[in-house]
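I have a structure I would like to understand better, so I am pasting it below and will then ask my questions one at a time.
Chains: A, B, C, D, E, F and G, in written order; residue numbering restarts at 1 for each.
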């Protein structure tokens, strides 16, 4: 039907690109930007799971990613409120 | 017929892609770890450990069997829980470091988004319903997401401690439920259907209530004035 | 020419555009828009794999993630703004160095 | 020698440890590229090739593992089949709702198999159930820690007066829940008014 | 390598589906010891740390509050049970899960204290514990990929290939980080400055026992 | 049974040492006086070391008993207060060693 | 002879011989430092003396543990005697016993509430981080001999000759461990004199007696293992000479070296451990 390997490569590319962007991307000194950048890597992982037909894992990943983001944002905003220099 | 449904050996696709995917996972892990090694600020390291967790998922998924998927599922939820606990420690650490007498209640938020008044009820209901149907880890995560979004969108500022304890109690009970289910499988194998339901629903309740807890903890952050 | 425009190509293109956009755009709100582009790509991919229920759930969870982002961003913006107001006379750089000194003392 | 001593002293600072760990682990992982790597195809719990079930048009793709509901077991290649007497029954089972859903559309395989019964349950609760117990214990512990910290430190620190006074806690809780009830009531009334206005218009 | 060569004769197995717990003399020794310690923790009270104040004749007393005590005792008991489980498990992935549980509980035991320094090292240790998810689960997955099994009985019969050794090494790094072996000792050692002797005991105990057990597992894999 | 004998030897040695210590404390109240050779100690030492090395020469009595006596005597000599009993021990070892070499046939 | 009697006899031997060796070790150190030093039986007399002294408990102590830990220490080393000289069982169990010994050092320090004890407790964690890798020498031995049973290792040596010549680096590693465990050693950070007596500071009377009892057994067992697994089947006289020689060597080392700072101690140990393990493995492969 269609090329499955292509999807794996796209997924890996996205994952690597996303992690690179998270680590060294522009403006990652700001934790908010860094957190949003992790989304790219997680979509890459989602694609790999999709191609490997692990759809249940995919479902779980999508819903936990949101919650992890929420937690991270909570930590960030809380720390900024306290005025902590972390 | 039967042989075609489940092959004896791992299909060629998985074994062909294994090296690639594993290398990809290793690269992602390497990038994340080097990023941690170079980073100095605490919160940034916490965000970067998320990447390391994703790399772990890739490496486990690369095996490409049902077992590997079963290993991923809980791993995801565990990763989530650990981030939660550690971020909480970070916050309390910073609070301790600061002056004790300053107020630490979050700044109230004053936003009025149309979407927050109408959509969440529906979406949350749908998600919870779907999660209950799914059951297990996946269902727990989905339903938990629904609960989070519901709590987040409502004006539930100042929810009492009792509710938290109640949620804890639910999850404790469901945990027992599910352990009983697990033991049933081996002690009384003839009741496997009953134990299946005990286990699935116990886990659902447990995960969902725990994730719902996040929402309750968030209500201070995003609960509007 | 048109044979390139099938579901696969479109979804991959969407995802790549979204990814690049997320990384390159600096303002958080712009990033959120690109996140939705990225997730649309993922949605299309799932559809092209014909997993209807997964696609259905993704369709529900994506907006949620956008909402979460928006909430958090607004909140953080507000926090930062209020801190700026408090220290309006003090430049931001100075404030952070002050903090660092305090920390290094505390560490001893 | 003094340099080594200085380096060793630096290692005694907790802040440097995660970074050192990450560095060593990263370097070790990169060493993985030098090692011949390949998948042993003789695995337990194998699954069909991706999309093959979808292309074959099976109704509960990609998780169809054979078997009929309550009649014959499905196929699972467990490590120790002798330890699990009902191997395969679970992954052929479907709840009545799931069965109905299966008839409606061929594209709901994932959700059907995620609901009680199905392959994942077979592995998660039965053959490798102990793993799942541990995983969710980890989850529970993490949440206990987080919620304990949240209740005691990071939330509502302003109201904290006497430590460990349960009665006080309960009183405060009741009061606050009263307040919430009032608030909710008020907001409901407001919403109703708005609604009424709109309808009136 | 035979399993019997490592820790004495095989005395029995507890089959739970694919996960088979097994007992030999080493395991029984470790298992019983850890349970004895856990029982002692459950009944003991905490100590009060007394230090003379500088410049005056007063003394500075630090003890554990009641709420904190209950929470920490609970977590310590869970930690003891988890360690006991890790001692007898016969499955690689199961072992890594026990490790992860021990890691998170260890953080929890010290997370309730008031010292800023201790909290800081607990946080740093928590970061390590999170990162350890990668080497532990990843290493186990690599061994799974190379051999097609996670059971230690099967692994003992399979001769080691380079990929298995690599997976085992990765796991070793994970165990070293999680249990605070040098050179990663500092963040864990600093956590011990807090009062609550029985609870911090179990942190140390669990990590040492995990090392003992992991050496055995490593030798089984190799 | 060997272990039982070892235990007996050690215990006897310790008893001898304690006895020697008490004896020497009774004899010398003053510290650090490097005196001339004490005859009693010398006798004990020579007997002890002689028996230890050469118990095989005496066939009439069981070697266990001989060794027990030997260890007791050695303990008496060695277990003196610090500074005392060193020369005696050395002489005992020397004599016993010479006898052993002459009788055991190492030289021939 | 039945097993119980054998155990009893071996425990008594271990205790008495261990105490004498520790006393001898102290004597050697004293002579190296040009002091007369106490008589050899002094250590034994000390440990016996403590059993007859009044036992008191600090008000701040964490009670069941404060008492229980000394009993546990005694029990584990009696187990050590059973596993070692009596049944010649698995080395892994001895490894486990050693790990519990570290725990006891840790908890004996922390359970009293004394600041010295607390310092010693933190240092016990440090030292465990360095010493356990040293004990991983048993892994090297396993890789060569293919067995963990002490009797199996003895059998291997009687065929292939002593391991001392085949694994010199492993010998060095184990010897470092012995130096670490010897009193007044440069690595003995838990009992450094700047924190009074380290973890034993607050244990008096009977409890201290238990600790000293177990320490002498521990010293004996450690030397016994070293001689057994590296020199193969040797006679009683061989054990005696070997133990005395080791005591003299460690006495010399300890008398002439200052105590290291905790970090340096740990890192030195781990460096030795890593270098020797890697070296031994390379030697085995080649």
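Structural remarks
Methods note: contacts are C-beta pairs under 8 Å (C-beta built on N, C-alpha and C of every residue); 3 or more make two chains touch, one makes a residue touch a chain.
A quick note: this is a predicted structure, and the numbers were derived from the prediction, not measured.
Set side by side, A-C and B-D show the greater C-beta contact count at B-D.
Overall, the chain located most centrally, as judged by its C-alpha mean against the mean of all protein C-alpha atoms, is E. Greatest centre-to-centre distance from chain B is found for F, with centres as Cα means. Between chain A and chain E, the centres computed from C-alpha atoms are 30 Å apart.
Mean C-alpha position of chain A lies 17 Å from that of chain D. The mean-CA centres of chain E and chain G are about 23 angstrom from one another, to the nearest whole unit.
The set of chain B residues touching two or more other chains comprises 13-14, 18, 22, 29, 33-34, 36, 38, 42, 45-46, 55, 62-64, 67-69, 71, 73, 75, 77-79, 81-85, 88-92, 95-97, 104, 107, 130, 134, 137-138, 142, 145, 185, 217, 221. Within chain A, contacts with two or more other chains are made by residues 4, 18, 51-52, 55-56, 59, 63, 66, 70, 74, 76-78, 81, 83. Residues of chain E in contact with two or more other chains: 15-17, 93, 100, 104, 107-108, 111, 116, 120, 127, 131, 134, 144-145, 150, 183-184, 190. Each chain pair that touches appears in this list: A-B, A-C, A-D, B-C, B-D, B-E, C-D, D-E, D-G, E-G, F-G.
Taken together, the chain E residues at the contact with chain G in this complex read 1, 5-8, 25-26, 29-30, 33, 36-37, 40-41, 43-51, 61, 180-185, 188-190, 192-193, 195, 197-198, 200-201, 204-205, 208-209, 211-212, 215-216, 218-219, 222. Within the complex formed with chain E, the residues of chain B that make contact are 18, 22, 25, 29, 33, 36, 42, 45-46, 49, 52-53, 55-56, 59-60, 62-63, 67-68, 71, 75, 78-79, 81-83, 85-86, 88-90, 92-93, 96-97, 185-186. Against chain G, in their complex, chain D makes its touches with residues 5, 8-9, 11-12. Taken together, the chain B residues at the contact with chain D in this complex read 2, 4-15, 18-19, 22-23, 26, 29-30, 33-34, 36-39, 45, 62-67, 69-71, 73-75, 77-78, 81-82, 84-85, 88-89, 91-92, 95-96, 103-105, 130, 133-139, 155-164, 168, 171, 175, 178-179, 181-182, 185, 189, 192-193, 195-197, 199-201, 203, 206-207, 210, 213, 217, 220.
Contact residues on chain G toward chain F in their complex (touch as defined above): 1, 6, 9-10, 12-13, 16-17, 20, 36-41, 44-45, 236.
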